[in-house]
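Some structures to go through are shown next.
After this come two complexes, each holding chain A, first together with chain B and then together with chain C.
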Partner chain A sequence: MSKETIQSLAEAEYKHGWVSNVDADQLPPGLSEDIVRAISAKKNEPEWLTEWRLKAYRHWLTMTEPEWQKPKYPKIDYQGIIYYSAPKKKPTVTSLNEVDPELLETFEKLGISLDEQKRLTGVAVDAVFDSVSVKTTFREELSKQGIIFCSFSEAVTDHPEIVRKHLGSVVPFTDNYFAALNSAVFSDGSFCYIPPGVRCPMELSTYFRINSAGTGQFERTLLIADEGAYVSYLEGCTAPQRDENQLHAAVVELVALKGAHIKYSTVQNWYPGDKDGKGGVFNFVTKRGLAHENAKVSWTQVETGSAITWKYPSCILRGDNSVGEFYSVAMTRDRQMADTGTKMIHIGRNTRSTIISKGISAGHGDQTYRGQVKILKGATGARNFSACDSLLLGDKCGAHTFPYIESQNSTAVIEHEASTSKISDEQVFFLRQRGLSEEDAVSMIVNGFCKDVLSELPMEFAVEAQKLLGLKLEGAVG
Partner chain B sequence: MTIQTENPLQSLIDAHTAGKAEPAWLSELRADAADSFAALGVPTVRHEEWRYTSLKSLLALKLAPAAHAAVLDADLKPYFIAGADDIRLVFVNGHFDAALSKLPTLPQGLLVAPLSSQFRTDDEGLPSKLARYADHHAQPFTALNMALFSDGAYIRAGRDAQLETPVHVLYVATAPQATAPRTLLLAGENAGLTLIESFVGLGKAAGFCDAVCEIVLQQGAHVQHTRLLRDGVAHHIGWNEVRQDRDSNYTHNSISLQAQLARNDVNVMLTGEGANCTLHGLVLGAGSAHVDNHIIVDHVRPRCVSKQLYRSVVDERARSVFSGKVIVRPGAAGTDAQQQNNNLLLSDDARADTKPQLEIYCDDVKCSHGATSGQLDAAAVFFLRSRGLDVQQARNVLTYAFANEIIEQVTIEPVRAHLEDVMRQRFHGLLGD
Partner chain C sequence: MTKLLEIKDLHVSIGGTEIIHGIDLSIGAGEVHAIMGTNGSGKSTLTKAIAGHPDYEITRGDILLKGKSILADEPEDRARAGIFLAFQYPVEIPGVSNMYFLRAALNAQRKARGEAEVSGADFLALIKEKAKLMDIDAGLLNRSVNEGFSGGEKKRNEILQLAVLEPTLAVLDETDSGLDIDALKTVANGVNSLRDSKRSFLLVTHYQRLLNHIKPDFVHVLLDGRLVKSGGPELALELEEKGYAWLEQTV
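Let's look at the complex of A and B:
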C-alpha cells in the first residue's frame, strides 16, 4: 500500500461535527453532595434513589482513578464538568410534528430520521439528546405485548419496583471508579423490560448524542429480559466536534433471566479529536450482562470514534448452560486510542463463551485488546474460544493483545489465538489487477477482515457499520 | 510498586554486608542494590507483574543467611548428568565447593570459574560486566540478589571460541537459608557455549533461592541454556537477562520438575538484526506447587525471530502461571514472533492462569500467539483403555506424551536422556519399564 493511501486514510475528516443550539437547562459545573441531590430533585426521584446516588458518591470519593490502562490521558477535572443539562423545552409529544424542528434536523444530519425509520424499518427509537429522553416511538405498539421501553426517569416513576430490584445488581456502584461516578450523577438513559416468553417484535434502538459544551454524559441503561424472552437492542452514537475533551462514563446493565436471550449491538462514532489528537470524547463505559440458567448475552460492537475508547462489555455466566458472546471491531486512526475487550466469567456448569475481536490501527492509532476469561471452580464443562486479530496500516500505529486466561476447572476447555499483520502488498495488487481502485481494495480487505463481526450485527446496523468503516477509510485514493 | 510495611528479607542484607572484605567496585554495587531493594520493596499481587503469584509464604519463612555446609558426592549423584558433567561447578549454599566440582584445563579463549576467583584477577573487566545487564533498579529480586550474592558461575568465551562440552552449574541448598547465586555468561563473536543450571534442595530445605543469570551474546554467538529446577526447591525466584547481538542464536529450556513456589523470569532483548531466540518451558506441578513463568522478548531491531513454547501439567492443588510478552519496537520490521502456551489440568483443584501478550508498534511483522487450557481427551483415554491399560496408566501415557514435547526440544543429548529418565520415574511403571 502506498504512503499516500495510508496518509489519506488517516486524514479523512470527521463527518458528524456540528453544534446545534438547543437551549439547555444546566446545573453549575462541579460535583458535591448538593449537586447529586439537585440532579435527583430535578428529576423528581424517590427518596431511595437519592440515597443510592449519595451512597455511590460517597464511595466514589474513597476511590482513586485507575491508571493501569494503556491509553494515558490528561487528568480530568471532575469539578469542571456540568453534570446535568437538559433541553429546556421538554416536549411531550405523541407525533413527530411536535418535536423541536431543530432537533429533528440534527437527527436528519445524522441520517437517523425518526420519521423514516418509523415508516420504513419498524425500528423503535428512544432518542436521547443530552441526557433527557425527548421522544419515544412505537411505545404503544410495544406496550401491547407488555414490553416496557422508556427513558430511565420514566421507569423510575412508573415501574419503581423493577428498577429498584435490578439497578446496580449487575454493575454495583462499588464496581469501578467510573461506574461509581455514573451511579452518583447519571442523568438519564434507557430502560427496557421484556415480559416472560415474549419475543420483542422489533429491534429496539437508542441514539446517544453529546451536545452542550462541557457536558459530561452519564447514561444509564437497564435492560431486563424475563424468562424465555428475546430482545435485540441497538445503540449508536455520533457527537459534534469540540475542542475540549468530553467525558462519557455510561453504565449498561443487562439481566437475562432463565432462558432469555439479549443481543446488544453498538456502533460508536463519537468525535475522535483532530489529527493531532486535540479534543475528542473519552468513552469510559462499564457494560455488563448477567446470564441466568440457559440464558444468552451477546455483545457486538463497532468502535470507530472517540479519542479514547476504554470499555470491556462483559458477561457473567452465572446460570448453568448460559452463553456469552463478544464480537468487536475497533478502529483507531490519527491519535485515537482504544483499550477494549471483554470479560467472560464462567460460574455455572456447561457455560460457553466466544470472543471475536478485530482491531484496525492506522496513522498514530494505538489499540489494545484486553480480555479476561475466568473459569471458576464450579464451572464444569465450561468452554471458551477467543480469537483476536489486529491489522496495522502504517508503521506508526500500535496493536497490543493482553488476554488473561484463568482456569480453575480441569474439565474446562479454553482456546485463545491472536495474530497481528498488515495488509499485504500482494492482496492489494491482486485486487487492483482485477480492476479495483486502491481505496476500494483496502476497503474490501478491511471489510473482509471484519466480516465475522459485522455479520453478527442486525441488518440495519450492519449496513451503517459497513458505511462507517468505509467512511473512515475514505480518501484512500492516492 | 507496593511496598510492604515489614520486609523480613531486609534483615538478611544487613547481616550479609557486615564485615566483608571486597573490592570497592563490588561493595559499591552491593550498597546500590541494597538501597534499591529497600526502595522497591517486595511486590504484592496488586502489582500487575505479580498478580497471580503471592509471596506471602516466602515472607513468612524464617531465613538464615547462607552458610557453608558439607555435602557428599553421593547426595548429589542423582543430579549429575551422565555425559554432560565433565565441566562442573558446584555451589553449596552459595559457596563454591572445589571438591565437588570438575574444572579441566580449557583451550585458549575460554574461561569457566567461580565468580569470586575473578573479583581481583580478571583483567577483562568483570567490574564492567557483572550486574550491568539485569537491572537491579527495576527488579526487587535482582537487587536482593546483588546485595546478597556471594558466588556464582562465570563463563566466558572469546571470539570464535567453541566449547563443545556443556558446562553444568549446580546450585545446592542444604538448609532453610537464603541463597543468591549468580551466573554470568559472556559469549564473544561467533563463540559457542552450552550452559546447564541445576537448582537442588537437599533434605527438607525450605529455603529461598534468589538467582540471577546474565547472558550476553555478541554477533553470531550461539548459546544453549538449560535451567532445571530439581527436587527440594522450596522458594525460587530466578531472573534471566539475555542480550543478543546481530545474528546470534539463543535457546532456553526451562524445566520445573518440583518446586513449592517458583518464579522464572526470562527477559530477552534482541538488540541486533537477525537474532534468533527460542524459549521452551515445562512445568510439572503437583501438591501445592506454584510455578510462574514470566517472559519478555523485546524485538528492538529488524528481522529477529523469536519462538516461545511453554507447557504445564498441573495436578492436585498445583497452580501454573504463564505470562509471555512480545514487544515489537518501532522500526523492528520483518519481526517473526510466535508464542504458544498449553496447559493440562489433571485435577479439579489445579489452576492454570495464562497471559500471552503482544505489544506491537510496527506494521511489518508476523506475530501470533495461542493459549489453550484443558484436560486429557476422553476419547484418547478410552482408546488406550480399550487396548488394555488401566485408567491411571492411560492418563499417564497421555500426560507423558504432552510433557515430552518439550523434553524433545532439548538438543543436548545427555540432558534429554537424563530428563526422560526423570520423567519415567515420575510416571512410574507406566511405560513398560
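Let's look at the complex of A and C:
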C-alpha cells in the first residue's frame, strides 16, 4: 500500500454532521437537585421516580470519575452541560402530521422514515431527538400481540408498575459514575415489553440523534422479555459535527426472564471528531442484560463513531443454562479511541458465554479490548469461549487486549484466543490484481475480518454496517 | 501489427537491488510463451512487474499493452485492461467467500469497461459452469478465499478466476509447482480450454512437464535477469535433457 494513502488517512468525511434547525425547549446548563427535579417535572413523573432520580444524584455526588480506562480525555465540566433539550412541540404526538416537519426531514435524511408506509417492512422505530422520543412507529400493530414499544416517558405514565419493578434492577444507580449520572438526569429512551411466549414479529429499533449544541444525551432503555419471549432490537445513532465534545452517557437494561431471548444490536456512528481529534462524542455507556433460567442475552455491536467509546455490554447469567453472547466490531481511525469489551458473569449452572471481538485500528486510532469472564462458585459446568482479534492498518495505530478471567469453580471451561494482524500488502495486491480498487480491496479484507460479527446482525443492518465500515475506510487505507 | 504485449529493455529492482537487467519480449495475440529458468533467475519478478506490484521498481525500459505503456497504471487498471496473474503463492482472505470475491472482481472489471454488472443469478450459473470445467467442488466456492485450501486447490482456484475473468493476457507464475500429476492435468486442461486466437499466455515454470500438457509456441530461457535463449517447444525438451548449465556457460 502506498505511503500517500497512509497519510491521507483522515480525508473521508463524516456524513451526518449537519445540524437541524429545530426550536428547542431547554433547561439552563448545569446540574443540581433543582435541575433533576425540573427534568422530572417536565416529564410529569410520579413522586417515586423523582425520588429515585434524586437518590441517584446524591449518590453521584459522592462518587469520583473513574480513570482506569485507557483513553484519557479532558475533564468534563458537568456544570456546562445542558441536561434537557427537547424539540418544542406538543407534549404527545399521535400522528405524523403533528411532528415538526424539520424533524421528519432530519430522520428522512438519516434514512430513518417515521412514516410507517415508507418504513422498511418489519422494522418498528422509536426516534429519539436530543432528550426526547419523537415518534414510535407500528405501535398499534405490536400492541395487538401485547407488545409494548414506546418511549421511556410514556412507559412511566402508562405502565408504571413494570417500569418501577425493573428500573435499576440490572444497572443500579450505584453501579458506576456514569450510570449514576444517567439515573439522575435521563430524559428519555425506549421501553419495550414482550409478553410471555410472544415472538416479536418485527425488528424493534431506536434511532438516537443528538442535535443541540452543548447538550448531553442521557437516554435510558429498558427491555423486558417475559418468559419464553423473543425480541430482536437495534439501536443506531448519529450526531452533528461540532467542535466541542458532547457527552453521551446512556444506560441500557435488558431483562430476559425464563426461557426468553433478547438480541440487542447497536450500530454506533456518533460524530467521531475531526482528523486532529477536535470535537466528537464521548460515548460512555452502561449496558447490561440479566438472563434468568434458560434465557439468552446476545449483544452485537458495530462501533464506528465517537471520539471515545467506553463501554462493556455485559451479561449476568443468573439462571441455570442461561447463555450470554457478545459480538463486537470496533473501528477507530484518526484520533478515535475505544476501550470496549464485555463482562460475562456466570452465576447459574451450565451457563455458557461466547465473546467474539474484532478491533480495527487505522491512522492514530487506538483501541483496547477489555473483557471480564467471572465464574462464581455455584456455576458448575460453566463454559466460556473468547476470541479477540485486532487488525491494524498502517503503523501509527494501536491495539491492546486485556482479558480478566476469574474462576471460582473448578468445573468451568474457559478458552481465550487473541490475535493481532496487519492487512498484508500481498492480500491487497492480490485483490487489486483481480480488478478491485485499493479501497475496495481493503474494505473487503476488513469486512471478511468482521464477518463472524456482521453475520449476527439482522440482514438489513448487516448491509448497512458493511457500507458504514466501507465509508469509514474511505481514505483510511494504509 | 501491434503486439499484445511488448517488453522493451526492462530493468526491475526490488529494494534498490536490480533483479532484471534488460529484457525484450513480444507476445502476439493468441500466442503461448513459456519462460523457463532456475530459482532466483528473475521469473517471478518479471510477472510481478507486468502486473504492477508496488514493490517492484522499473528503473529502465517499458511495458506496453496493445501499444500503450502501462507503467503508470495501477495494478487494478492493468487487471481491468485484461492482464491476469495467477500467483505462485495465492494468499488467503479470511471471511470473504470465494464466490463473493469473484463476483466483486468480475463486476469491478466489467464496470471499468462500461459493461453491465452481472446479477447474482447469472453469476451463479456462470461460476457453476466454470467450476465444473476446473473440476472444482462447489463447496470450495462458498469457503473463504483460499483459506484452508490445499496447494492443489489454491492453484485450481487461480485458474477458476482466470476462467471467470477471461483476460486477454494470462501470466501464470509457476502454477505447476506443488501439483500432483492429476491436478497438473486439470490445470492444464483448464488453460487449454481457454486458449483462443485472442488470448495470450505467459507461462513461467521450472520444469518442462507442464509444457507436455500445455504446448507453447515459444520458449525463452531466463538466467540471472536476462533472456539468454529463445526457441520453439523443442527448446524445453533440450533443457529437460541438458539442464541449464550449458546455457550459463554461453552467457
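Convention: the second predicted complex is superposed on the first by the 456 of 478 C-alpha atoms of A that agree within 3 Å, B and C clash if a C-alpha of one lies under 4 Å from a C-alpha of the other, contacts with A are read in each partner's own complex, and residues count from 1 in each chain.
The definition used in the following text is that a contact is a pair of C-beta atoms (placed from the backbone, for glycine too) under 8 Å apart; a residue touches a chain by one contact, two chains touch by 3 or more.
Note that the structure is a prediction, hence the values are computed from the model and not measured.
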item	value
Touched partner set for A:28, first chain B, second chain C, both or neither	neither
Chain B versus chain C as contact partner of A:377, first or second or both or neither	first
Of chain B and chain C, the chain that contacts the larger number of chain A residues	B
Chain B versus chain C as contact partner of A:425, first or second or both or neither	second
First, second, both or neither for A:74, with chain B first and chain C second	neither
Partner chain in contact with A:415 - chain B first, chain C second, else both or neither	first
Chain A to chain C touching residues, read off their complex	1-2, 424-427, 429-438, 440, 444-445, 447-452
Chain B-touching residues of chain A, taken from the complex the two chains share	68, 375, 377, 390, 392-422
Chain C residues within the chain A interface of the complex	51-55, 74-76, 78-80, 84-85, 87, 90-96, 101, 104-106, 108-109, 112, 144, 161, 165
Sites on chain B touched by chain A in the complex	48, 52, 330-331, 333, 343, 345-375
